[in-house]
Amino acid sequence: MGAITYGPLVRIDGEGAKTKERDVREDGRRWDELRPIYMRVGMLSTATGSGYFEGGGTKIFCAVHGPRPSASNYTIDGTMHCDVRWAQFSGREGAAGRQGDSMSEEERELSSSLQRTLASAVRLENYPKCRIDVSAFVLEDGGGGFAAVTTAASLALADAGVEMTDIMAGSTVAVIGKQLVVDPSAREEAIADGTVRVGFASQRAKVTDLMQNGEVDLEQFREAIKVCCTASAQVCGLMKECLVKKAKKWLKKRGRSEM
Amino acid sequence: MQFLSDAECEYIRNGAKDGIRSDGRAMLDIRPVTLETTVLPTASGSARVRIGKVTDILVGIKPEVAEPSQDFPDEGIISFTVECSSLASPDFVGRGGADLSAELGQLLTRLYTSPVTRELRRSLSIIKGKKCWILHIDALVLDSGGNLFGALSLAVRAALRVVILPRVIVIPGEADDDDEIEVDEEEFKMLERSRDAPIAVTLASQGDRGIYMADCTSEEESCATASITMGVSPLGKSCGAVSAGTGGIDLDTLSSMLKDAAQLGLEILDATDRFLKTDIDNRMSGAPIVPIGFFS
Amino acid sequence: MISEDVYRKVHPKEYLKRFIDKDVRPDGRAVSTARYLRLTIGSINTAVGSALVRLGNTTVLAGVNATLIRPNNANPDKGIVEVSVELLPTASGESRNVRGEEAVVLAEFLRTLIIPHIDVSTLCVEADKLVWCLSLTVYCIDHDGNLEDSVVLAAVAALRNVRLPTVRMVDGDEGGDIENGIENTRMIDADNEAEEGNESIMAVVSSKRTESLELDNFPLTVSFQLFCEKALIDPSAEEEVVCVSRVTFIMKPTGDMRGILKEGGHILSPKLYNSCLAQSKERVKEYMKKLQAGS
């Protein structure tokens, strides 16, 4: 269990000239700059695996339970169930379902979207009759909440030792006028004409999930997807580093106890 | 959702690699579409869309005067209810139908809350912050043979193009807040800006690089590994896109899919607008509409 | 010969007993040692007050949301405080609502403890017109025993952290002018069903949050699990499953006792009671140190 801090800022080198209009954003970032990211795995005791993601104001816990025997019908492939929730005070009004109640429409949609993204990499055929439960909880949504959920969930799955062919990260790009901004803050998201969100599998270089809201030009849309993928690839790199560090620590600990 | 054997999937996939589909279409061809408007005498606007003689969707619009939402005081409201009739397909019985209905409804909501349709919503406003039209759009999926998103958005758009609303007279009151409205049941008007309404185009990929098809049949849909549904506005902008399927799409393929989806969307919009022109002219001139097909 | 892990699963009670007989607990603590407490206050920027409590592995997050509403007719000059507790699926792995009952019990426990200590009349902006509605939600992110103490501590810390913006009522005409200024205006949703008719209320809400909540004599709890004539302070989930009797001391911030809750059939002898009380007093000092350091 190790805390690994990255920082201060992750820079992404893209073709800046195309969309560069204003040089600096409200919070002092360049258009293609991510907020500082902090990731950690394995901090929840009851879960098989867990991941924590923090970027800017966005804070997310994600836990994976299982694979464990499925109570319901027999299935040849394993099944995966995702549950994404927003805290009442996460700053995203309307997203959080009423207390104790069933999920809000948005939570439901995002849960199935997360399930799709994760199922593209998890080798469910290796877990017959089993179910894997992925539950994510957004403590605070300072923009790009859902993209970060994808990242945290991938970390948690890897930490749980679930077999995967790839590791996924999510990222968001907002289109404000003619300007693309990577990893928008909540304020930037609110004033944006449109947002593009991508779930990206880094190893296979495939887009596993795509969502666009609002209004975006076709050219901007295609550019935004490219930028999203570049950003996600960077996040994937950090995730791998985080997991490798954790694994090294674990090996070291085990080595000592065997001696 | 039909279940196909591996051999059947292989057949479709290999055909797609050579650019051939089982019904003889090219990759981006769409099946013949039958479009009728004003099919329901009781609705203010209605449309029925059939694609390839299988997919069958009926849409009716019922307007009502209501209060606008706090967040958008100068806009009217468009609300959607989609029902997948359990008569249409055994898959629609129980939860399967409910999930699909929710998914279809969400896509429509996404298209009609995007800034592309803001002017359309504004034209539904009567008194800013006080009164507006709310359009209840009810869609019924009578039969499903693939490309539900496309057919549904087409039917909704056609119904919006021909919907008529009673004229509303605003009677100024003594104070600013006391304005009252009177609905004139004699005079009707067409909806302004209904041209802005977008349609959705779905392109599905079978997992091979650079190969994807438009307007899939349900067989083709069930062996698709990933698909993209994109809302296309008459100006060629994207106004809401979602992906489905767990296969994932590589970047180059995705990029060219989006381009083709926008292109195809504009072609469909153009063709339907030309087709609907006669219907709209008829409605404007008040000529009686002779029902055909289903309800004749 | 069965291995330790199997024995632990098959005979959880015997397993624990062997430890407790030697005055040590399975996680290495002494009987009278509580787990290390970490308290992070005010880390959630989108809430008006928040606190994250980590008691060993048990993780609890409390946050407060504030909205301006029209008061109800019975108490026109009093604000409203809503309290709820949720056990997240991250803690149990079960889909939501499976452990709903446990959450309801915890919420009721918290409500009875906390609500009397909040002066709801300070939440009034203008009688009959506008009051604050605070909704306190406590989320259990990870459950490794002793949720009671963690939930109460998190709730107290979050409420102490609450900073509300100042609110000033204005006339309808005045509102428009201020809109362009630094202060941010908000139209308050006028409830048309109210008897006075549909007059709308305008209020100016400052962008800075300064007003804190009066919360002096708040409660703190220290729980013990009774097992083999011994009281285990701050029980873990493993210990909670085996033991049925529980004692919770409700304390004042000063370290005086306010009340005691006991469930289960085991007897709490006077000797044990005195030692528990002494331990509780020590524990409250620890709580207060963390609370003061964090705020």
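The letters A, B and C name the chains in turn, as written, and every chain counts its residues from 1.
Everything below uses one rule, namely that contacts are C-beta pairs under 8 Å (C-beta built on N, C-alpha and C of every residue); 3 or more make two chains touch, one makes a residue touch a chain.
Worth saying up front: this structure is predicted, and the values here are computed from it rather than measured.
The greatest centre-to-centre gap from subunit C, using C-alpha centroids, is found for B.
Innermost chain of the displayed assembly, by C-alpha centre distance to the whole-protein C-alpha centre, is A. Mean C-alpha positions place subunit A and subunit B at a centre distance of 31 Å. Subunit B and subunit C, compared by their mean Cα positions, are separated by 48 Å.
Subunit A and subunit C have Cα centroids separated by 29 Å.
In the complex of the two chains, the subunit C residues touching subunit A come out as 43-48, 50, 57, 59, 61, 63-65, 84, 86, 88-93, 95-97, 100, 103, 135, 137, 139, 141-144, 237. Residues 105, 108-109, 116, 119-120, 193-194, 201, 204-218, 221-222, 225-226, 229 of subunit A touch subunit B in their complex. Residues 43-47, 50, 57, 59, 61-63, 65-66, 81, 83, 85, 87-91, 99-100, 102-103, 133, 135-137, 139-142 of subunit A are the ones that touch subunit C when the two sit in their complex. Across the complex, subunit B meets subunit A through its residues 102, 106, 110, 114-116, 228, 230, 233, 236-251, 254-255, 258-259, 262.
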